[in-house]
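Below is the structure I would like to discuss, written out as structure tokens.
To keep things simple, chains are lettered A, B and C as they appear, and every chain counts its residues starting from 1.
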Amino acid sequence: MLTFLNHFINGISLGSIYAIIALGYTMVYGIAKMLNFAHGDVIMVGAYVCFFAVSAFNLPPVLGLLAAIVLCTLLGIIIERLAYKPLRQATSLAVLITAIGVSYFLQNAAQLLWTSNPKIFPDFFGGIAIKMFDGQLIITLGTLVTIAACIIIMIALTVFTGQTKMGKAMRACSEDKGAAQLMGINVNATISTTFAIGSALAAVAGVLLCSAYPSLVPTTGSMPGIKAFTAAVFGGIGSIPGALLGGILLGVIEIFAGAYISTQLSNAIVFLVLIIVLLVKPTGLLGKQIREKV
Amino acid sequence: MKKFLTNKSTFSNYMTYAGVVIAFIILTIMGEAGGLSSTMKGQLVPVCAYVVMALSLNLTVGVMGELSLGHAGFMSVGAFSGAVVASALQQAIPSDGIRLVIAMVVGAILAGLVGIVIGVPVLRLRGDYLAIVTLAFGEIIKSIVTNLYIGIDAKGLHFSFLNPLEGLEAGGRMIMNGPMGIPGNTKISTFTAGFILIIITLMIIFNLVNSRSGRAIMALRDNRIAAESVGINATKYKMMGFVTSAALAGAAGTLFGMSQNAIIASKFDFNTSILVLVFVVLGGLGRMWGSIIAAAALTILPELLREFSEYRMLIYAIVLILVMLITNNPGLKNLFGKLIPRRKGAAENE
Amino acid sequence: MSNTNKLKTKMVPVPSHSIVPERDVDKSPILECRHLGIDFGGLHAVQDLNLAIGRTEIAGLIGPNGAGKTTVFNLLTKVYQPTRGTILLDGMDTSGKTTVQINKMGIARTFQNIRLFDNLSVEDNVKIGLHNQNTYSMATGVLRLPKYWRTEKKNHERALELLSIFDMQDMADMKAGSLPYGAQRRLEIVRALATNPKLLLLDEPAAGMNPSETAELMENIVKIRDTFQIAVLLIEHDMNLVMNICEGICVLNFGQVIAKGTPDDIQANPAVIEAYLGKKKEG
């Protein structure tokens, strides 16, 4: 029972990281209707920035995180301006391939700058953990911080999209860009802001991810990126609560599949569950059902 | 004859065949005369395999209009099943050529069967949801193949999943060894075989597109509701296109696998699927000659860029982004159109 | 050009009679709807629709915007499955059938917002309509067996023949998406006819056409009915067209039938006038 609980907590923790990445994915998808495959690589960049800020410049972890957030936000805006904005009118496939190009670019640039030797990410939480039941149930500080970060981000985003002017503009743009523009909303600025927020979230996720799984290489972000995308689809892409739900479920399923079925097959099981969910609910758990008008 | 010249698509199809034949003849002569470096020679068969991969994916993406992100999974099925068959038949059939043909047929059929299994759930979905599920299936195939152990002894083939295979009789040997894949593979693919596979693939795709079934597939791509209203069974024809595409990818996988000393499952991952998708999009959706050129050029390009060693993939990424921006942004397109004067009337022929 | 002339001479079966046939609704209707209804959530989009159409009748379905006319078409072609009621086509129950099966049973339609196969040629669009008429297997097509060549030749000739109804043979090689608006509407009708229907549903065939185009269309609808001996049910806002060529008219408002009858009956019906113009104020 206690092992089960331990796995469950680990699952929630991993799921929270997926959820944070998935939130960024879902927001960008909702507004730009594009699969931003470079999102996972922004995570990797965020993790490297934090790593160097802390290990080379001896900054405290909080400032390292802040540096990662600032640089990733800038990176997100630059990528959007240079690579995606010129393709506003292009087919979604063209944008997808460009995103793949950006992903290759970031990975290879990282490899040139920082080599493919793994960097060992420092443990910010000093191994502090709550131990219960004679140490059989362990909850680390990192786990608590991750879960807390996820909840805070989720609430902040909900308030932001629901209450603020920019948030409302975002929702308007995701419904109908043309109509939003006619209502005087600056669509380009709104899309840029969305990318900025998504990239900032990626930076947070990168730091949390590498705190939990310390080996950092240029391809660190790609698999979590794909899985977080899966999580976003799982929960219903475009939906903020959906991304949270999808992320957490995905994390829990992955940890449980690894623990109770087979570690080699945990990824396969995660994807299998995704397929089953989509077959039952073709637009994800909380996705909107859209009926084509005939 | 008059009709032949006036029909644009027929003309373009024959030019594609001609181009492939001419390229084959030139490369074969260059190879004989020693005009090709050994790296280039080693690339000939993989290039053919990637060309067939791109053509088959173009059938899914360009002709059917469905985005698939897991095409490498079918390649993997073809590569491993073909290699296992070729290895198992080593004594029974001494001729490399016949063994390769049998391996390819088995590879294509198995990949086609996997295509049916995957197609049933996948083709019920639309758009990006379909794409993510093909991606998921690609990863599942990779996981399964990575954990598969196959051995052969006097009693025949033995299979094991997840756990290494034990209890082979004396004289038996392992063919497929889980995460290590197939370490000692006998290379039997040849450039000629690759050329023939490309021609067969082109014939299947061109003839399909210009037939009743192909029109039904394209009708579903352009407007599913209208197609159903004139009596076209969406599931049947989507499946037909998807399974044909999977089977061709399987044959390409066998061709590729049999040109390698060792085959491992992680070679056929998401990145390979994406790579092939890049060939298709750069070559042009539904434009088969475009896929051939893009696949050949982009498979050789990283080899040619070897002198830039570590920068080559970075250059590749930048080229990819620039090409997409130039070809898809109206402003940039016009700018470059002025810089590079086009042949008169070239635009109409597209 | 000699090519097209030759085709014109052996056009579609010669009209047996060009006079409007007597209304044959009550004898044996091609289509019969009984208590047909569908709900979207709480909204009764169509309710208790009873309708019969004769074998060679041209019938009209009219009503103000949002009355549920296109929904009726979607019910008849099973794009939506009805919540209540039955649809009989040629006396056969169509419940549980799919759009594809309905087409094979004999209903073909056009769409209000044109739905052509834009990237394919005009001829291919018609050939897709012929999909279930002249068949051969995928293998025959890929291997180009003799049957492929025979059938494709037949398809080509039939497609041009059908296009000649609207004098569109010369456009056969054009991309459907690049046709002018009126030609796209006509191509949709040709494509629907290619499926060899017993009942043709036309959703606003004259929308966006100028008066002379509309006049030509009216002639052609009658010609199609006469040559193919089929029933036509059309939705149209152009009252001139409806009143001139429809033998029977059904008026829909808020998903319910408010009047049925001949054009003269309908024009005199107070409920119809009220639905279109609003109620006259008392006093």
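Note that a residue touches a chain if its C-beta (ideal position, glycine included) is under 8 Å from a C-beta of that chain, and two chains touch if they have at least 3 such contacts.
Values in this document were obtained by computation on a predicted structure and should not be read as measured data.
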Each chain counted as touching chain A and chain C at once: B
Chain at maximum distance from chain C, centres defined as averaged CA atoms: A
Chain whose Cα mean lies nearest the overall Cα mean: B
For chain A paired with chain C, centre-to-centre distance based on mean C-alpha positions, whole Å: 50
Chain A-chain B separation of Cα centroids, rounded to whole Å: 31
Interchain centroid distance [CA atoms averaged], chain B/chain C, Å: 43
For chain B, residues that touch 2 or more chains besides their own: 225
Multi-chain contact residues (two or more partners), chain C: 79, 111
Touching two or more other chains - residue numbers and ranges from chain A: 294
Sites on chain A touched by chain B in the complex: 29, 35, 37, 83, 86-87, 89-94, 96-98, 100-102, 104-105, 108-109, 111-112, 226, 229-230, 233, 237, 262, 264-265, 267-268, 271-272, 274-275, 278-279, 282-284, 292, 294
Residues of chain B defined as touching chain C within the complex: 203-204, 207-208, 210-216, 218-219, 221-223, 225-234, 240
Contact footprint of chain A on chain B as seen in their complex: 61, 67, 121, 124-126, 128-129, 131-133, 135-137, 139-140, 143-144, 146-147, 162, 225, 270, 274, 277-278, 281-282, 285, 310-311, 313-314, 316-318, 320-321, 324-325, 327-332
Sites on chain C touched by chain B in the complex: 77, 79, 98-100, 103-104, 108-109, 111, 115-120, 124, 127-129, 131-132, 134-136, 138, 140-144, 148, 151-152, 155, 191-192, 194-195
